[in-house]
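Each of the next two complexes has chain A plus one more chain, namely chain B in the first and chain C in the second.
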Partner chain A sequence: MKLASPLKSTLENYGFIFPAVLIFSIFYIYPFIQIFHLSFFEWDGIVPFKDAIPVGWSNFKEISFQDSSWWQAVRNAGFITVVALTLQNILAFLLALACDREIRMKNFYCLIFFIPVVLSEIVVGMTARFLISGLEGADVVNRMLGSLGLSHLAHHWLSDPHTALTTVALVHCWKGFGWGFLIFLAGLQTIPRELYEAARVDGASAWETLRKITIPLMMPVIGLVAILTVLGTMQIFALIIGLVGGEFAGHTSVPVLRILASMQGSSRFGYACAQGITFGMILIAVSFFQYRLSRRAKA
Partner chain B sequence: MLGTPPIRSNGYYKAKRVTLNGVIHLFLIGVAITCLYPLLWMASSSLKTQQTIFTDISLIPHPAHFENYIHAWHTGGFGRYFLNSIFYTASVVVGILVVASLAAYAFSRFRFRGRTVLFIMFMAAMMIPVPGSFVALFVLLNKLHLRNTPLGYILCMINVGLPMSIFLLKTFFDTMPRELEDAARIDGCSKIGMWRHVALPLARPVLAVVVVFNALNVWNEYLLALIVFDDKNLMPLQRALMVFRGEFLTNYPLLMAGLTITALPIIIVYLLMQKHIVRGVTAVFG
Partner chain C sequence: MIAALAAGCGEMPAGTGGSATSAGQKIIVWHWMTDRQDALQELAKRYEAKTGVKIVFELYAPSDAYSQKVRAAAQARALPDIFGILGEKRDFAAFIKAGCVANLTRAMEADNHAWEDLLLKKAVAINEFKAGNPYGVEPGIYGVPIDFMTIEMLYNKDLFKELGLDPDRPPATFREFIEMAGALKAKNMPGLVSGWAEDWMIECLALNYAFNIMGEDKVLATMRGDVPYTDPDWIKVFSLFSEMRESGVLAEGVVTMVNKTAEQLFANGKAVFAFNGSWCVNVYQGMNPTLDYAVMLPPEASDKNPMSIWGNASSFMVNARSKNKEEAVTFLQWLTRRDQQAYLAQRTSNLPVNIECLGNISPILAQFADDVELATHPNLWGVSEFPLVTETLGRGIQSIVIGEKTPEQAAAEVQKVKERESLKKRK
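What follows is the complex of A and B.
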């Protein structure tokens, strides 16, 4: 057996990680640093960067104090997130509870509920638009309301500013609940059945069992799903492009769409980067806060 | 066995259980129908004509215009976009498999300076959201003359999949017994040989998870496709669908055929690989 020289061995080790580190440095770390750099410039992305105008913190000041459409977009994403946190996750939890028992066709349900998750936002958004819209679609939702005798509820769901955002949120919940369902179900199945047996022997009702055993034991999973929901939903955008259309303004704008509009629409690359940083900070702050909250709930 | 009372002979409990199960089934079936109906309807609309698509909302169209798919494939250009998507997905998945498994193997087995820092760096990238990085990526790709090229898109997407794939693979390699590799080493097997002939074959179940997750991710990706491609001939399906809809006078049956062409492979892959997806979710979040 020949002992390889230590130098050769070290080079070999670095050879294994080199491709990954190289790709990661170019396409993740470099842009990551660059957005901080660019955010201090006024630059249209067309002229050479050496002609860009350094503007200090003014992009950030403009975002903070003047850009009301930006904060409207943040509020919109926040609204969709609140709907997803409550409606979508409660639905997912109830479905997981229903499937965490001896019930026929359990595997069939599990199979179906994840289908909307594996489809793309564009496919889901376009299909939903075609179902919902009466102008660019078959108006199926309104026709169904009509056949249920509820035709007075018929509505231009996507073009009315009062209902557009809620419609987006509901379609988003439809697309996403399968995630929560799958994670909740995996969590529920780790709860020892003996606990439920013992509770029943002690005469606990189903409601008490849920409140005193299931939910406390599920708290870490619930916290995890909540963080994933917030991070996923706040960054929603492709679904809105598919559902509402290409126009980036309006009542359904969200931060990622605003960043895209700053970059492609108004050609303000530095401003777009500053928006990205601001938004990243918001996301980190929110998920840190949530993490603390779920830690406290556990303790 | 939650909800199954211990005393089955008791009629009251039995009736209660049957009712409860009935209600639960109704709930589950109701949700399942809302999951399936839009998809069935999408597929059925793709068989209608521009005239009937807005008026006939039945699920089974009469007559069914299967030739819509031929038109979508040729004149709609979806054949080309479909092959683009296949090519990007396959290239990215192969790239990730090689690059991520090499790195994960080194992180798991070898000792070298900077090992922990580099690994933490990959893991941090998985958790820290960087919503604006596509702006800088756009600038960078322009500078490297990689924008509007397949290679630029493929490299970006390999990068997107790396952290998660490295995490999954390293977690697996950490639990893999070292005896086989020790035996291979004594037989004179090189490090790369151990990776190729010992680690990779044993990691097949995790590799399946990595393949499925990344394939779904690339096939469904939109943002980078929007940033990278201007040339219609290079676009993957998700991007081409938006362009197709944005054109003057949209041909809706062809659009629906395009949507079905986009959704169907994903649904088939999902149905075949469901076990791996569930395992992946539990491995990452469980």
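What follows is the complex of A and C.
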């Protein structure tokens, strides 16, 4: 009986996790293996897979050495990510700091800041387009500039190749800062208040308190938010479709749009899978680098 | 992920046809045409009342999602009895080679071509593979067109009057069109709107002008690789877009405009010209029933060759593995007869494919129908361009329109991709 009991317990435990493992295997592991497998074939997604043409590493070679559109898309996504990592996260952190204090209507502000997050990307994109565009919409940005006496800065923000990507990045920051805000606020609330009290007694200024208490203790949270920002931003695409209708001669092209173009525009499923694998590898490498960086900063 | 899920689907036993039916009693039809769904369902009711056969129209929109669904179903052998194929001729050919599409030639040619002769020739040709086609498909007719569309230019007659122009005399030449820019600027009116954020619409106008400037033979020779895109005639085509940009005849942001936005602008009188398909008749009717507009051919840039326009048919294919194949063909024959076609045209404002109905359509639709003879389409050419070349062509023209590249630079880039793809194919 004594021997049977641990076995039974082990089986019970495995029984509990079995459904989750099964679902994970079917919907994540198996498709991933299939994607990897498909990336070595030239296949249009229509003829039976047995008729697909094996091409070895040529899809990956084409991506690496010939597909300049792909790397332009990666650079564009990288630019939006850098803007999000800096502007969006600094804004989120500052607002979280403000809401961490005992201020009136704190919960109301939290709610307001989180609203953009729950909106659909397409809706945000189309609404922003309506607000920004002169011909189709309200031309709000140019009107504001005009009322501030800066009408010489008025511009076709979305249809100028020099400003389209930056406009996309700024709208993305507005849409996404709520996530960072919420996580930062939760992190700030775990910092013992006694530390702030002690600092105040010792005569530390607000800047010193932020630099020597808040930021060091928030490093794990900052690292987490940074990784989530990179993963979320690099996969941006619906917002771009809503804002500028697509790739805009490559100026607002991003990896997911390139993958979709390979699948639907060119019917190159194998190539699209190779792009997906390459993109996944880039994301893993960037996340790993960030993880190491945040660990070093924490140390 | 989608690709993997599509690939990962297990196969259903052949011949299920996707519809668990008692033979001949229920036909499943998949389509993507949101604007036709109500009319098709009404016709399905009429067919059931007449024959006892139930027709179920299943709508899957938007078209991108539909396209993926059909491909995944082809892999899983779970296609319905009747379905539509979105994409290019090579995709159509791939479905046929995968054994998913029935050859309808015998039915079309029965009784001395009775069914075939009832339909617009161009609409039938869209679904036909001729002997020696480059896809290696057995010659035949593989689809049944249910309506036809052409893509042309439209102009707002009221805005023409405001500009002091004759609303019955649109610009006939490219020069006249460009010269209108002065009048447009003076009245601060946006000129041409179109969904040029989508590569295919910009490519469509470019190919119209390519046919006009160099003729069909030379365009097709380019696609076969016998003429480079850097040829002076192609540079002329690219230069037209440069001229349009410089003159100011294009509306602001046309390159980032999706077609729905362009339709809203034109319907609300915020643009003088639109480049749009005949489906717009229904769209404008919904957006602004009082809109006074007319159809015109894209203004000719050359008098050497006729102007061409794009024309394509929305078609249904019969699943070659369906148990209800014969009943499906019978239903499609009924659907393309005069009464049903007249009803579809009246309800959806699309061009009917039954030639007997063409004399009985709305005046604005009739203007589109008048130019059907000038219609052409990549699906009719028997030769296809590499997708990456097409994409680079669209992008290159977008770059010209935003003033980023010269026609020569854009042409050189297209040719570079063409040579790379040709080399890859030869390997």
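Definition applied: the second predicted complex is superposed on the first by the 268 of 299 C-alpha atoms of A that agree within 3 Å, B and C clash if a C-alpha of one lies under 4 Å from a C-alpha of the other, contacts with A are read in each partner's own complex, and residues count from 1 in each chain.
Keep in mind that, in the parts below, contacts are C-beta pairs under 8 Å (C-beta built on N, C-alpha and C of every residue); 3 or more make two chains touch, one makes a residue touch a chain.
If you're wondering where the values come from, they're calculated on a predicted model, not measured in any experiment.
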Chain C versus chain B on the shared chain A, clash or fit after superposition: clash
Which superposed partner A:Leu150 touches (first chain B, second chain C, both, neither): neither
Superposition-derived comparison: chain B or chain C, residues of chain A touched: B
Which superposed partner A:Pro19 touches (first chain B, second chain C, both, neither): first
Chain B versus chain C as contact partner of A:Ser120, first or second or both or neither: first
Partner chain in contact with A:Val82 - chain B first, chain C second, else both or neither: neither
First, second, both or neither for A:Leu38, with chain B first and chain C second: both
Touching partner for A:Ile112 - first (chain B), second (chain C), both, neither: first
Contacts of A:Pro48 with chain B and chain C, given as first, second, both or neither: second
Partner chain(s) touched by A:Pro161 [first = chain B, second = chain C, both, neither]: second
Which superposed partner A:Gly265 touches (first chain B, second chain C, both, neither): second
On chain A, positions contacted by chain B and by chain C: 30-32, 34-35, 38, 45, 49, 136, 246, 263, 269, 272-273, 276
Residues on chain C engaged by chain A in the complex (per definition of touch): 1-8, 64, 67-68, 71, 74-75, 87-88, 90-91, 94-95, 97-98, 100, 190, 195, 197-199, 251-258, 261, 264-265, 270, 387-388, 391, 395, 398-399, 402, 404, 420
Footprint of chain B on chain A - complex, ascending: 1, 10, 12-14, 16-17, 19-21, 23-24, 26-32, 34-35, 38, 45, 49, 91, 94-95, 98-105, 108-116, 118-124, 126-128, 130-131, 136-140, 143, 174, 179, 182-183, 186-187, 190, 193, 196-197, 200, 206, 209, 224, 228, 231, 235, 237-238, 241-242, 246, 255-256, 259-260, 263, 269, 272-273, 275-277, 279-280, 283-284
In the complex with chain A, residue positions of chain B that touch it: 1-6, 21, 24-25, 27-28, 31-32, 34-36, 38-39, 41-42, 45, 53-55, 57, 98-100, 102-103, 105-107, 110-112, 118, 121-122, 125, 128-140, 155-156, 158-159, 162, 166, 186, 188, 191-192, 195, 216, 219-223, 226, 238, 241-242, 245-246, 250, 252, 255-256, 259, 262-263, 266-267, 270-271, 274, 277-278, 281-282, 285-286
Contacting residues of chain A [partner chain C, same complex]: 30-32, 34-35, 38, 44-49, 66, 133-136, 156, 158-161, 164, 244-250, 261, 263-269, 272-273, 276
